[in-house]
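Once you scroll down, you'll see the structures, which are given as structure tokens.
Paired with chain B in one complex and with chain C in the other, chain A is shared by the two complexes that follow.
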Partner chain A sequence: MVSKRDRLFHLLLWLPLVGLLLYFLSLLGALTPFFAAETFFSTLTSPSVQSAIRISLLTATISTLLAMAIAVPVAYALSRFNFFGKRLIDTVIDIPMLLTPVALGTLLLMLFNTDFGLWLERMGFSVTYTINGVILAQFTVIVAIAIRLLKSSFDDISPRYEQVARTLGCSATRSFIRVTLPMARNGIMAALVLTWARAIAEFGATVTLAGTAKGKTATLPTSIYLAMASADLEQAVVLIVILIVLAFAVLLATRLLATGARP
Partner chain B sequence: MVRSLQITILLLAFCSLQTPCFAEVTVFAGSASKPPLEEAAELYQSETGIEIFLHFGGSGAMLNQLRLSRKADLFIPGSPDYMLKAQRFNLVDASSEKILAYLIPAINVLKGNPKNIHGLADLGRPGIRVGIADPSGVCVGLYAVEIIEEHHLAERVRPNITANVESCSKTASLIPLQAVDATLGWREFEQWNPDQIESILLPPEQIVRLAYIPAAIATHARNVKEAVEFLAFLTSSRAKAIFAKWGYLTSEEQARVYAPHARIGGEYRIPEGW
Partner chain C sequence: MIRARNLNHNLPGFNLRDISLDLNKGDYLTLLGPSGAGKSILLETLMGLITPDSGTIHINNLDATQLPPEQRGIAYLPQDLALFPHLSVRQNILFGAPDRKNMSAATMTWLNELLQLLNLEQLIDRRSVLNLSGGERQRVALARALLPKPKILFLDEPLSALDAFTKRQLQVKLREINRLLGVTILHVTHDREEAFMLGERIAVMIEGQIEQIGTRDELYYRPETLAAARFLLNQNIFRLEVADRDANNNLQLTGELPLTYPPDAQFNKGQKVIAGIRGEEVIIIRPDRSVPVWLQENRFMATVVDIYLKGGSHAVLTRMTDYPIDIEVEIPNCAFRDMNVNCGDQLDLCLKKQALWLLSEPEDQEISTC
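For the complex of A and B:
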């Protein structure tokens, strides 16, 4: 039996949840007047949209894996070691999160117009207006988010567990792999899911660094922008629906896998 | 060991995404020409096998991207103002410039004209929501401000401007979204979405300047031969037919019907305060 006082507390918890859910559902509902089934199928089967789906899934996955590969050691180092200038370095790493993606894209464009960027290009590694640019733009936007999430996850794990593993004969690498990483599993999964979601939705930096070429660099968000650019609301709506369905399916599947199908 | 192997595989996958070498043309274009340019590029690509990569955005944004990346072979802004700027920065070969189509300033409203907007004066009526493009970065916004200022309507129309958007195409989208009652855009917007957009033509004497869509080879073009050929195709009668299908006027004589005495091209300096 829930007491009257607790009932108020429960109400205060449920009200924002229900309100937020209704608000998000109403956003989806706003699409319906513009949604046309025939446009949906013709859009879904068009080569440029299929290419945008492929590019979005591929680039978001690669950029997320790259970001995680960098973020795990960086976050661990920031969490465990004290060194000169740590706070400054920690703040510098946050800069991409403070900058608007368009500004980041512009900085990237400037970087690849320097001697270094032009040398890279001569070596055959082209970034601007290529799919590499899409991946790099997404990576730049998400890597700081991944580091922040992972660092707080490592901060929550007491170093004593690693110390115990070391006294039992584990090397630093082995104690990290066998003790810390499994304990940070939930944090790593959360970082993976959030950064992938952020990567697939990335637009500002991507469009600035990689442009909008259909079949080459156009992602789903870019295609939505292009559909809006033709005053074609129906197609934009279909693309929004595709992006929502794809992202929802991948995120739900990841969550279910991570939690062993717990609700 | 396993981890380093995984990273190596990832890096290999990343590097394998390099663009292969084949005949291609990269175009930076203002979105004023998006629908016909896409269709013309598709036709050209299917006939020649040369890949045409179109990057669209506001003309100012595309000009900046051209400055920073020097990656385009062809530059097609929405109006001559941005072509002149590109020439000043030595980003395009001025001698290669061609005109693809003409644009006529007009008022755009929702199909059926529910707010009974018939001329510039109506944009100053109380309660009318007007949208324009950002005049400092988008051609159509620049022309809108020029018309408003030229006819001394700034005092009446400016309070009604509720939307100021960052690209030509977004200006056109404001009408189907019903975000505003009218936009000062191009006559050609109607053909982009004829079910929802209606263009109200301005009397010839109110049209100060006609715009055109210029195209020129970029100074740092890497595929000059292909770009020259594609540009020649864009000015051919077949490409002109595509532009005409989308409601664009492809000759000065056609454009002159709407504004016999208007200036064509040139630049306009936005007055302070806009």
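For the complex of A and C:
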């Protein structure tokens, strides 16, 4: 039996939940008046949308792989070793996560305006208004997130496993490869999916550093912005639908990974 | 096999203080101490997981102080076992085999021998180690540790989480491994019974230092420090002074109670000492029997204050009639029933001089005899 007072409590629990769900569904529903099936596929196959999809998938994948390549060793070092200044380093690494991406993009622009940046550009690595810039902007935004996620995965694995592996003849490197990495598999996969999703969605830093040139640097999010700016609702709708489908896929994948066998 | 000298290491909350230890070929040495004594830190230092601040470690006469753990040839069974959760039982056991992907006939034979020794034949094909029982997990971890044929095996309280029955079975296995396979074992435990049951030699470690290292009998009957004596549950401890020597060179001790101690050159007249005797070494003289000469010294009358059952024996707490001292007497159950001891009874006790132990009193240390 639910007492009268508890009935109110239950109401207070369920009402926000139902309300929020309706709100989100109505957000999705808001698309329907602008959704026209006959133009959907022609817009989807248009060169600008196709190139936005291609650039988004390519840059997000490259920036995620780069971020993971840096984040795995950094997170492992932060998780396993104590060294002078560790806390400071830990804090500095978190800064990009809290800074608004527009500010990060601006900082990147400034960096590439210094002698060092100009030298890099002369050496052939230009970032302003190029696809390199898209990748760099995404990388800068996601690398700290990847480090956080991976560090907590490594923290969860007792160093004892590596110690036992060492006594069974493994070097530190071998025990990392044979024990820690496979044990952190689910955490690494989850970090991959989440950082990739964050990279696909990246807007502020990308648009500031790389702009949004159709077929060159325009990604899915920056293309939506461009479509809205030129009042091309049909294209905006198609791009939003693509992002929603991607978001669903990503969330489903992380759920499946999270419920997978974990030590 | 292992010779550690003057190891010092400071960690927040734990430290090793000037530890020297020898582990000889074929030894079964138990490292006994209360939790927080630094036993695991010592193991990890000897294994090379921790580098000591100072001191040296030699393994097989080679300086191993800076050697990484994988080159020391020491197998390790930690308390939580650390079975690899992402690997099957077979993969766990074969983890340390260099030829695990293409096993030689020799490895195969050795694997089968190990499986038989540890009764693992039924478990080897299990796909996960996560649903094994406590005892099964221990056996798998032991097989994994033994597969690379180590000469030395370190055990860090691996049996502490098991039920009494399974624990005993594995204790028997550990002795077998030591005896049959010739593996030298260093076994860390806080359990006194386990330490005495398994260890041919025992090292008592308290607060980061080794108080005493010796055979079971030396530890049991001849504690060398007050801390070791207390940790090994010596209940009858007295603070005394050497008063004199008698005609037979026996020491005459005075203080809380007068005692006679066999001749011993290391104690001098006037020296402050601590004496003690284990409860099971205190003899109750029966009024109806004649008393041999060797039981005529150190005789005291005492009244039974309380009686406890301690499994195989009874602990009889008595208070001396002429001295303000309590003595605990431990009597095997059969003798206890035979004597029919009850609270309030007067007992004639003999603190047999050969069973007494004597230490010079450490300075600045309080002792209580309760």
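Rule of thumb we're sticking to: the second predicted complex is superposed on the first by the 219 of 263 C-alpha atoms of A that agree within 3 Å, B and C clash if a C-alpha of one lies under 4 Å from a C-alpha of the other, contacts with A are read in each partner's own complex, and residues count from 1 in each chain.
Please note the rule applied: contacts are C-beta pairs under 8 Å (C-beta built on N, C-alpha and C of every residue); 3 or more make two chains touch, one makes a residue touch a chain.
Source: prediction; values computed, not measured.
After overlaying the two complexes on the shared chain, residue contacts for A:Ala199 are found with neither chain B nor chain C. When the two complexes are overlaid on their common chain A, residue A:Thr106 makes contact with chain B while staying clear of chain C.
Shared-chain residue A:Tyr129: touches chain B; no touch with chain C.
Partner contacting the larger number of chain A residues, of chain B and chain C: B.
In the superposition on chain A, A:Thr212 makes contact with chain B only, while chain C stays out of contact range.
Contact with neither chain B nor chain C is seen for A:Leu78 once the two complexes are overlaid on the shared chain.
Applying the stated contact rule after C-alpha superposition, one finds that A:Arg160 touches chain C and leaves chain B untouched. For chain A in complex with chain B, the touching residues are 62, 65-66, 69, 106, 109-110, 112-113, 124-126, 128-132, 135, 207-208, 211-214, 216-217, 226, 228-233. Chain B meets chain A in the complex at residues 7, 10, 13-15, 17-19, 26, 28, 31, 34-35, 38, 51, 53-57, 64-65, 68-71, 167, 169-170, 172-173, 175-177, 189, 192-193, 196-197.
Considering their complex, residues 158, 160-161, 163-172, 178-179, 182-183, 185, 263 of chain A touch chain C. Across the complex, chain A is touched by residues 44, 47-49, 68-70, 72, 74-76, 78, 80, 82, 84-86, 95-96, 98, 130, 144-145, 148, 154 of chain C.
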